[in-house]
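Structures for review follow.
In the two complexes below, chain A is the common chain; its partner is chain B in one and chain C in the other.
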Partner chain A sequence: MRIMLIDDSKTMRNIQKSVLSQLGYTQVEEACDGQDALSKVGAYQPELLLVDWNMPNMDGLTFVKTFRQQNKSVPIIMVTTEAEKSRVIDAIKAGVNNYVVKPFTPDLLSQRISETLAKCQAAA
Partner chain B sequence: MDASLITPFVTSIQNVFSTMLQLPVTVNTPKVKSNPEPSHDVSGIIGMSGDVTGSVVLSFPLETAQRVVALFCGEQMDPRSADFSDAIGELVNMVSGGAKAQFPDNKKVSISCPSVVLGENHVVATQTDTPCVLIPCTTDCGDLTIEIAIREREVAGNATNSQQATA
Partner chain C sequence: MADGIDACVQTSFGPERLTAVVRLVPGIDPAQFDLNTLLALIASAGIDAKLINEPAVRQLLENYKANPAQGVEGVVAEGCAAEHGQDGRLELTPEFDEALDRQREAKRRNKAVAEGQEKPPQDATPADHEGVSHYDQSPFCIVKPGVTIGRVHEPTQGTDGHDVQGKVLAAKEGKPFKLQCDDTIELRADGTVVTRVHGQLEHAGSLVRVLPTLDIEGYVDFSTGHIRFPGDIVVQKGVRDNFIVESMQAVHVRELVEAAHIQSEDNVLLDRGMAGREKGRLDVGADLQAKYLDGATAEIAGDCVVAKEITNCDVRVRGRLASPTCAIVGGSVSASRGIEVLQVGTGAGAVTEVIVGKIEELEQLALRASEMIPALEARLTKAEGRLKQLASAGARKTSQQAEELTELQFEVTSAQSQMQPVIDALLRTLQMIDRATLPELVVHRRLHAKAVVWIGAFKAEITDELKGPLRVSLDASGDPVLTDLTTESQVPLRQIARVVRETRFPDLAALQAIARGEESTEAFRRPAA
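And now, the complex of A and B:
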């Protein structure tokens, strides 16, 4: 499965990559902000996106809104420090399928990835 | 400064450090920082805007920062490397993000992308009209501090009343 990690923090991308690797997902493309991600999604064709919210150049919410105009089906998980209910609602309205608040344990991230993929496969 | 804006940082740093680093944090007695008192050697800085404005600084002595970053990243990092600053920035990002979610009355607050400063005796300047609360913390990796210089934005009505009272 092709997965794209979009986070301006290399540290967080490495932590998430490690969790993905433990789940058996090793085909991972990285992007450092929404703009970088938009320039890569066409060629990479990700099957799952993990997106941070606060990033320079283009934030995660703007990225999700833009990406959803061209693709409604690829599952997106927002992984962010934004924990307020209003933010979660904004993200879901923009088109994210699941939400993980930082800090997270590897188990929680694994669980959210698995449940998101299972739901999307069931709906397909 | 309103304590309801300070206590969220205590619970947030304990949550971030225990979840991401498995490192318990003991929070000691807060004090008002007398400017221009220098911070420690390594400071992660984040700005807040919206209903609450100001800055939050997570500051470490160099050795503590190196130990904390090694725990966070799973390897030793050169303090001069971009990856070291990235890790410090992400820690202050998580602490600030977790704290603002606990602010009372559903305040709408945005946080900036973090900046990191390295160097002995550096001073992080804050707005002169905003007191800076310093919270000393102790961990098995060493001591660190959270410096919180934030205030609630005055709503239009209060600002008018305040101006009238001054006039």
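And now, the complex of A and C:
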């Protein structure tokens, strides 16, 4: 499965990559902000996106909105420190499928990825 | 006149009547003698008219008419010899034909040298054969399975011939060839002869086979080059300096091995032994048996038996050195499953080192694993400390703190997940060492002063000669003890020898404690006070 990690923190991307690797997903592309991600999605054709909210150049919410205009089916998990209910609702409205609030444990991230993929497969 | 002509025309036959020769003797009037008469006369001698060579007869007659006083002679008819069939035969490929010739010559020369009939060959100078190593020039014809070495040809029928009288000369049919071979050779339906096993190809007459054993009648020297053979090797004489004998099976040398290299994946038997002059080397995949070893380096994967002496050698035995009649003098001898010898060292005080119950590679592996544990513990402690700090900072976290918390939780999980496999690996390695070793030295006659015994985590320097039979081993707490095998009385070794804890080998008891979380890694590094 092709997965794209969008986060301005390299450490955070490495943590997520390690969790994905333990789940058996090794095909991973990285982007450092929304703009970088938009330039890569066309060629990479990801099947799952893990997106941070607060990033320079283009934040995660703007990226989700833009991406959803062209692709409605690829699952997106928002991984962010934004924990307020209103923010979560904004993200869901923009087209996010699941939400992980930082700080998270590797187990929690792993659980969210698995449940998101299972839901999307069931819906398809 | 006709009778007169008859008498003057003499016909004779060559072997098998394949030619007819006519001689015209003087006395015939050439005017009355014509070609037809002569042809008729030749035919009347029983020669097949179809086979008479008329131009030859004409020429003969002309020659006679030119000089009737001398007489002439010539072949006037020729038959055709039978072409006999060829016998069936084995035709070797040029490559093997040549290789087998070389092998025969080398064996002859090797035997002649061994019997003193020829001088031993010397290494050729580089000027004669630039770039050629005469050590590597093996004359033996070694084959792998599935190699085509030749072809058996069927006998042929042959073609009949006829004599000058038209009588058939029957051709003889070729005799069939019966290839003598065993299971090591396959004769295929199309006649190709293919090897079935790895070994030395032998060919004599109709016999072809692959020998699983390479038997060298003389020395391994320049007449043989290095020996590399997949099967058993038997050397009837010895192995000269700098030569290599390498086998995937057993090696047996009946006479002396000099500063050579013997490498076997199975047993090695040296009827006499090795005089290695600090250059000889033995790599033995199973057991070694020798009369003596001198100035040799040996790695033995199995057990070792040396009848007389091990002098100034560096010997490592993975099994047991069980040689109750052998003296170890000088050098270093290590045996993972213990040593039993007649004596260690000499009255003259030769420094002799014996190491018992060690497998250095596994011990180093265990040491490396044990060193990872405190490093992981340190990572864990640091991350957990910072996690506690952040937790006490209040419920509401800044974005930066939330990210740091995620990183710390990942660090904790990662260190914890690495810790258990490392501990398991360490414990498994220690178990393997425990099962594969026996820290025990049994000396039947004397353990001389200046001998050094490495056992457990200790180095014991023998200061005064100890009389056997005795055993040095470890007690339940891992300390070296000396047992008098006559009385079975036991004393701590440190009472009669200088015993010190050394760091040359890891302290396995300390590693065990680390694996169980009972001790820090510093313990095994500390020499005893």
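Following the convention adopted for this analysis, the second predicted complex is superposed on the first by the 124 of 124 C-alpha atoms of A that agree within 3 Å, B and C clash if a C-alpha of one lies under 4 Å from a C-alpha of the other, contacts with A are read in each partner's own complex, and residues count from 1 in each chain.
One rule holds for everything that comes next: a contact is a pair of C-beta atoms (placed from the backbone, for glycine too) under 8 Å apart; a residue touches a chain by one contact, two chains touch by 3 or more.
Note that the structure is a prediction, hence the values are computed from the model and not measured.
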Partner chain in contact with A:Pro103 - chain B first, chain C second, else both or neither: both
Contacts of A:Leu117 with chain B and chain C, given as first, second, both or neither: neither
Touched partner set for A:Asp8, first chain B, second chain C, both or neither: first
Partner chain(s) touched by A:Thr81 [first = chain B, second = chain C, both, neither]: both
Chain B versus chain C as contact partner of A:Met55, first or second or both or neither: first
Chain A residues touched - chain C or chain B, whichever exceeds: B
First, second, both or neither for A:Val64, with chain B first and chain C second: neither
Chain B and chain C contact sites that coincide on chain A, given as residue numbers: 9, 11-12, 18, 54, 81, 101-105
Chain C-touching residues of chain A, taken from the complex the two chains share: 9, 11-12, 15, 18, 54, 81, 101-107
Residue ranges of chain B touching chain A (in the complex, touch as defined): 15-16, 19-20, 72-74, 82-83, 86-87, 89-90, 93-94, 96-98, 100-101, 106, 108, 111-113
Of all residues in chain A, those that touch chain B in their complex: 8-12, 14, 18, 54-56, 80-84, 86, 101-105
Partner chain A, residues of chain C touching it in the complex: 397, 399, 401-410, 413-414
